[in-house]
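Each structure below is given as structure tokens.
Paired with chain B in one complex and with chain C in the other, chain A is shared by the two complexes that follow.
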Partner chain A sequence: MTSNDSKKAPSRPRFRPGYLALALGAVVVVLLPLIFTSRYTTNLLILGAAWGIATLGLVVVLGYTGQISLAQAAFYGIGAYAVALGTTRWGVNWWLALILGLAAAFLAGAVLGSTTRQLGGHYLAMVTICFQIIYTLINTNWIAVTGGPDGISNIKRPPFLVPLNTAQRYAWFALAALLLVAGLVWWLRDTALGRAMRAIRENELAAEALGVDTRRVKVIAFTMSAVIAALGGAIYASGYLYISPDSFNFDHAVAFLAMVLVGGSDSALGAILGATLLTFLPEWLRDLQRIYLVIYGCAIILVIVFMPEGLWGYAKLLGRRFARPLVLAPARGTLRVGGRGKAGEEILRVEHLVKHFGGVKAVEGVDFAVRRGEIHALIGPNGSGKTTIINLLSGLYVPTAGRIHFLGGDVVGLRPSRIAHNGMARSFQNLRLFRELTVWENVLVGAQREKSREAETRDRAMAAIEFVGLPDKANEICRNLPYGHQKLVELARALAGEPDLLLLDEPGAGLNQTEKQELIQLLKRLNAMGLTIVLVEHDMSLVSQVATLATVLNFGEKIAEGTADAVLRYPAVVEAYLGNREVALGV
Partner chain B sequence: MFEIHDVHVAYGAVTALRGISLEVHEREIVCLLGANGAGKSTTLRTVSGLLHPLRGEILLQGHPIHRLSAEAIAKRGISHVPEGRRIFPGLTVRENLILGASNRPLRWPELEEDMAQMFHIFPDLERLKHALGWTLSGGQQQMLAIARGLMARPHVLLMDEPSLGLAPILVQEVFRVIKEINATRSTTVLLVEQNASMALSISHRGYVMETGRIVLEGPAQDLLRNPQVRDAYLGGAKVK
Partner chain C sequence: MFESLSMNGQLVFAGLAIGGVYGLVALGFVMIFRATNVVNFAQGEFAMLGAYFLVALWQGLKLNYFAAIVVALLMMAAVGLLFEITVYYPLRNRSFLPVIIATIGASIMFQNGALAIFGPSPEKVRPVIQTVGGIGGITLAGVFFDYQYVITLVVTLLLVGLQYLFFEYTILGKKMQATSQDKDMARLLGIPVVFMIALTFIYSSLLGGLGGMLVAPIFFVTHKMGATLGLKAFAATICGGFGDVRGAILGGLALGVIESFGAAYISAIYKDGYSFLVLMLFLLLRPHGIFGEKVAEKA
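Here is the complex of A and B:
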């Protein structure tokens, strides 16, 4: 981002402590090799830098994206072996060898990321462990290429301004690389991509429904993490001048995981703290001889138990009173929802929609159409298929049969993120916020659109926050907000992408009658701005006040359609759904 | 039955309850009203032992329970039906119900009898008794959560928004069931509910909370007629 941009977007904070941290980091990079001059400590600095870089890769994939990887040592090894083989056997330039290594890690990371993009949790852990073990087996046994267990010696160092032929000079080089990568990882956090990653960590389904292509972002995260690790490996290989497979085995993958967890996985600084601690701690404890591993292990357990957010997370907690809230400027435009089409044109047509779950027939041949400018209510008893229809429309489920035309195109089979980009937004019955992100970050994720510039995204997000009346809560972490405000955040997040059609799944649930009146006013305002709404709701007083048309479902089939007032008088509807009509309508 | 004296509760640095006192008599239905974030759910969570007060005490039939674990409190006959269902998604409806009775020794004939009663109250659940929790619709999950709470044969039932996400006919049904178990099983009920008119119509007494304090209390009929309550929680509805 250029300085010009930051002037145009006043919502950018004027001061970010991260820049100060970078400047301080630069000073530390210069000073450290001057303070620790012995051969032994200089080597430790180089090792710490290399491990720190590998750990920063884990910040991207685990800390930001929430995907566990136990194969980090494999990518680290790929970078190390590329430099080792390149500068010894193949006799190529160090930088060319590095690029080959990064390219190999890129490919391996992309392959691992693409094959595991549907997996999560322990399955993902298992697959990455297998990848790591396969790597170690090849590394050890393909002696013709890798040199096998004997390893490779006489690795060259890169020419970089001056010959890096002393350990001290090389330590400067390694630490500078660490600082550079840390800066990039820190910067990534608040970019559109970084926010998409953190949204996936917090709630993958909601991220996808808001327009984040979760598969693609996960593959990118794996690939970035792999390339960063390979850089760390290359720096390690040229630092120690000799490598063997022992430095890249599963134990090291676990060590990297420990470093990122101990330091604080959500932050570049945390990764450096963790890597530093776990590089130096074993050296300090070495005098304790045989029990040193016990103490080392206990220290890690203590940190993880008592500082679940890691050392850096704990430091942030202590320093929170010094934290300054982001200064956010008011939006420069108002929210533009509803698209530009003609009022009254058909924007959604559902034809013979069917969805079966195993033997359960959730939706059984439903047809309806929604015209631009309508508020169309879907009502019916619990289990009649209303939420299933919302999930089918937004692409979370693929229909068993039937067609869904949205703005003229067939959207069946499209990814939810694609449908969101086409102009359909939704809320969820049970809130699906990105709980650990701020209100501002939540809405920003909803505002992100392909090809839209960061300044426009920020403007749209702010306009949506202002629309629901929460600008003074923008810096709050969503988890700390009361339920009613969380519902408004979810609405703002859906509106920030400026959709044509908004699907709301029980927006009134959990609100008291006065709050419901406010919701009704909000929906009417949105409708007046041109937004088309499909509404699932059980509060009949709310439905009869806002809906222009209602479709009634029972057992997955449509049993009535018409104006809200008319359908609520049908005997079949009263019997299956309303019970006592006066009580249900609150009249 | 039980009373709360000057209870203070905080979530970390955020204070949620600032000294509330209330009492619930045997066989009463008492409802807690208030806006979102007023501390209603926190009150229920404190009574059932999921949260512990910083100050103050909670007495169940004269005995302090505020230092007991949630499990110990459940064994003394307080059953909590939490907001947002919280059923066990990977277990069947039947298994969910059986777990509801974990506060007492396992006796199969008794369990089967209790389950039959639940299926009588909620006929949908019988049809679904072998279905996994997550396959149920929102409303069915809510019914299961209430039935699971009742399986504990509680003396005191704490209900957090039982009508959330239910179709109108089921809302009426749920309130009818609450009234019925109160009358026939002499279960004492403390109810948190956004549907204030519905809640007050079956309650004996009510308390109104604002930002962690109790600001109003009285017989349900009086609260229904109170102009402040109508403005704040009944959408300004007129008295019938």
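Here is the complex of A and C:
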């Protein structure tokens, strides 16, 4: 045995409960069509599978990414109509028709998804509703193409090894497709993309500032969800052999949303649970027929009020004592922050930076430069423009005028995620953690870089967690941590990308004296490792202990620059902080 | 030439009248949104319920038509209060998503409740001014002014005026405005915030119900009528600028006119689509609407 053993790659845990669920799922897929053999129940199985697939699409867009879509039935319809028209009127092969349908959904999803660039919340809800309603209108009224309200019959089934000419065989096919999609959606959750999606759901601004291209990821999520829904529609069309526009209207879009919410939107299993429940519920409540939908509406409200995470979330809550934490291997090596260039070279240069908000002049022509290896403090009274400058540097605000050179390139106008990839990381004045994700996942999002392999990402993330001293908290959900630890997680998250420049917006705020001393030690260690830091801070003792240089701002303008101790003695600085004694006394 | 002019006049007038109803429902949206930041997807169902209450009281219980309207409005007030207590209040501290879903759930409940009670066949309601031999109205310059349309438009404008006076010149109105702008501050100033919000829901459901009663004679009363009405009203609020009272009315009137012209000149079967097409264009090109302001998230 060599000594390398202790430094093995942080291997993925061999066993995850998801694999067991997949294996069990395979058994269920085989058994179900053998147990339910009547034509009626077999059809229900097919319907459940198709709806389940459409609902899984919503897991990606709503559950993971947090973007509402009320157009899922339209995409479902696009898939169904592609197969229906393809195999009856156009006479093409089933698989080709399916691919055409998926391609159409892909395009429509990408177009609709691109509206998320500027819209969120209820606006997005409305735009997807519009899309859904216009789809239904066209579907019903463009009779020449869609067959109109009468629908299309005699739809073919796919050739797949054996002829799928019995309902039972087709049910196997449909359920297998459901299992496949569920497996993919489950797998997506813990990939770099899946983590980026969930980071957007938790805090879009922080995700962008950490290097997640939020616009791109949201469009991808929408497109994926549309394609998955179209697949569900195709399975449905060939299962029922007849379709009409009624199966793809707004009511169904709402039903899909209800399924994913009732089941639990954050997990593939929850979606299947919800889809199963709402497929079979009408059958169990048949005696109630006329008021069935009243109860259905009522049930949605009750689940939303009492089970915010859905049934599966509730089950997980009950079963959390049985859950085993993820075993994480220690990192190989330490963080390599800020070590990519010569100490003393200029890495950031701000020239005549100006930012106006309407009539408010937040920053008014500020110049300063930061050299590699410095801890540069930005200080000044409240409202002097410190945080605005941090937001301008990291790209969250676009300056009204002025230039920002970072590592030789002009970064004005770049998206925050781009700037983060260029090597600038930041923390936020008010914590912006991904609250529902674990410490490990939070830091992983910060560690993700283009073209870096998952193993490297994990390594960097673990190194950052070890650096701030929280490896034993790695599996904790962030919102459950005490405030001081949350601040450390934010620091680790920013460090995990191995930045050249770290922007810290009031890292000491809200910490007690012991925690502040620990923070000072951390900052000094980071600086010793070669990391350059721009620090906004109100605690002058902290500033004078760590800062090598300080720039003093007042009313958006620079009034002094020098070492921390020196600038604090400048009359202009004293005046800015304490007010002008003569003026105040009217002398 | 004159004929086409009068036809266009007819289209404008009809569009404005229907748009007035969109505006009324939209006003309810805006009121609730301003007070609570909740987008109520069940707003259209208030219109449907108002119309059905009128049907039940006037046809079912054989009440006098105007007495029926008054009683129906009282019932609407009760619906609004109940809605606030059961749907809004438990979710008041949650994000927009659960609230949207809950209001959609409520809308499913209302629709199917109406279906279960009144059945799927559409009901007909008499217009406010009844004339012998069907539709009453007068013809001016080649344009036929249907009384019901005129009344709808007048009621809409009257209510907007009254609401303006109420908010600008009464203490209660000021308190409601204060509540909608800053709940915590209002609470500290001793304004009963919970009561104000309840009042807002009651007023919004009254507006919706009234809108429903006004269109009832123009369209048929069905359990589905609220869904499209509500969505179009929502479209109107966004086009006008979310949360803006002027925007809601103007947006509603504009959508009504666009719809009536679209139906006449392009195609009638896509009538319900025009509003949504316009809305999508708005959302993509000017998401903050006519009067709205762009708001950015602070870092």
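We take it that the second predicted complex is superposed on the first by the 566 of 587 C-alpha atoms of A that agree within 3 Å, B and C clash if a C-alpha of one lies under 4 Å from a C-alpha of the other, contacts with A are read in each partner's own complex, and residues count from 1 in each chain.
Simple rule for what comes next: a contact is a pair of C-beta atoms (placed from the backbone, for glycine too) under 8 Å apart; a residue touches a chain by one contact, two chains touch by 3 or more.
Just so you know, these numbers come straight off a predicted model, no measurement behind them.
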{"item": "Contacts of A:Leu205 with chain B and chain C, given as first, second, both or neither", "value": "second"}
{"item": "Superposition-derived comparison: chain B or chain C, residues of chain A touched", "value": "C"}
{"item": "First, second, both or neither for A:Ile134, with chain B first and chain C second", "value": "second"}
{"item": "First (chain B), second (chain C), both or neither touched by A:Glu515", "value": "first"}
{"item": "Partner chain(s) touched by A:Thr191 [first = chain B, second = chain C, both, neither]", "value": "neither"}
{"item": "First (chain B), second (chain C), both or neither touched by A:Thr387", "value": "both"}
{"item": "Contacts of A:Thr563 with chain B and chain C, given as first, second, both or neither", "value": "neither"}
{"item": "Residues of chain A at both interfaces, chain B in one complex, chain C in the other", "value": "387, 429"}
{"item": "Chain C to chain A touching residues, read off their complex", "value": "39, 86-87, 90-91, 94, 96-98, 100-102, 104-113, 115-116, 227, 231, 234-235, 238, 242, 269-270, 272-273, 276-277, 279-280, 283-284, 287, 297, 299"}
{"item": "List of chain B residues in touch with chain A within their complex", "value": "14, 33, 35-37, 83-84, 124, 135-140, 142, 161, 164-173, 194-198, 231-237"}
{"item": "Touching residues on chain A, where the partner in the complex is chain C", "value": "66, 68, 115, 118-119, 121-123, 125-127, 129-131, 133-134, 137, 141, 205, 209, 250, 254, 257-258, 261, 290-294, 296-301, 304-305, 308, 387, 390-391, 396-397, 428-429"}
{"item": "Complex contacts: residues of chain A adjacent to chain B", "value": "357, 360, 380-384, 387, 429-430, 480, 482-485, 506, 509-517, 538, 540, 576-580, 583-584, 586"}
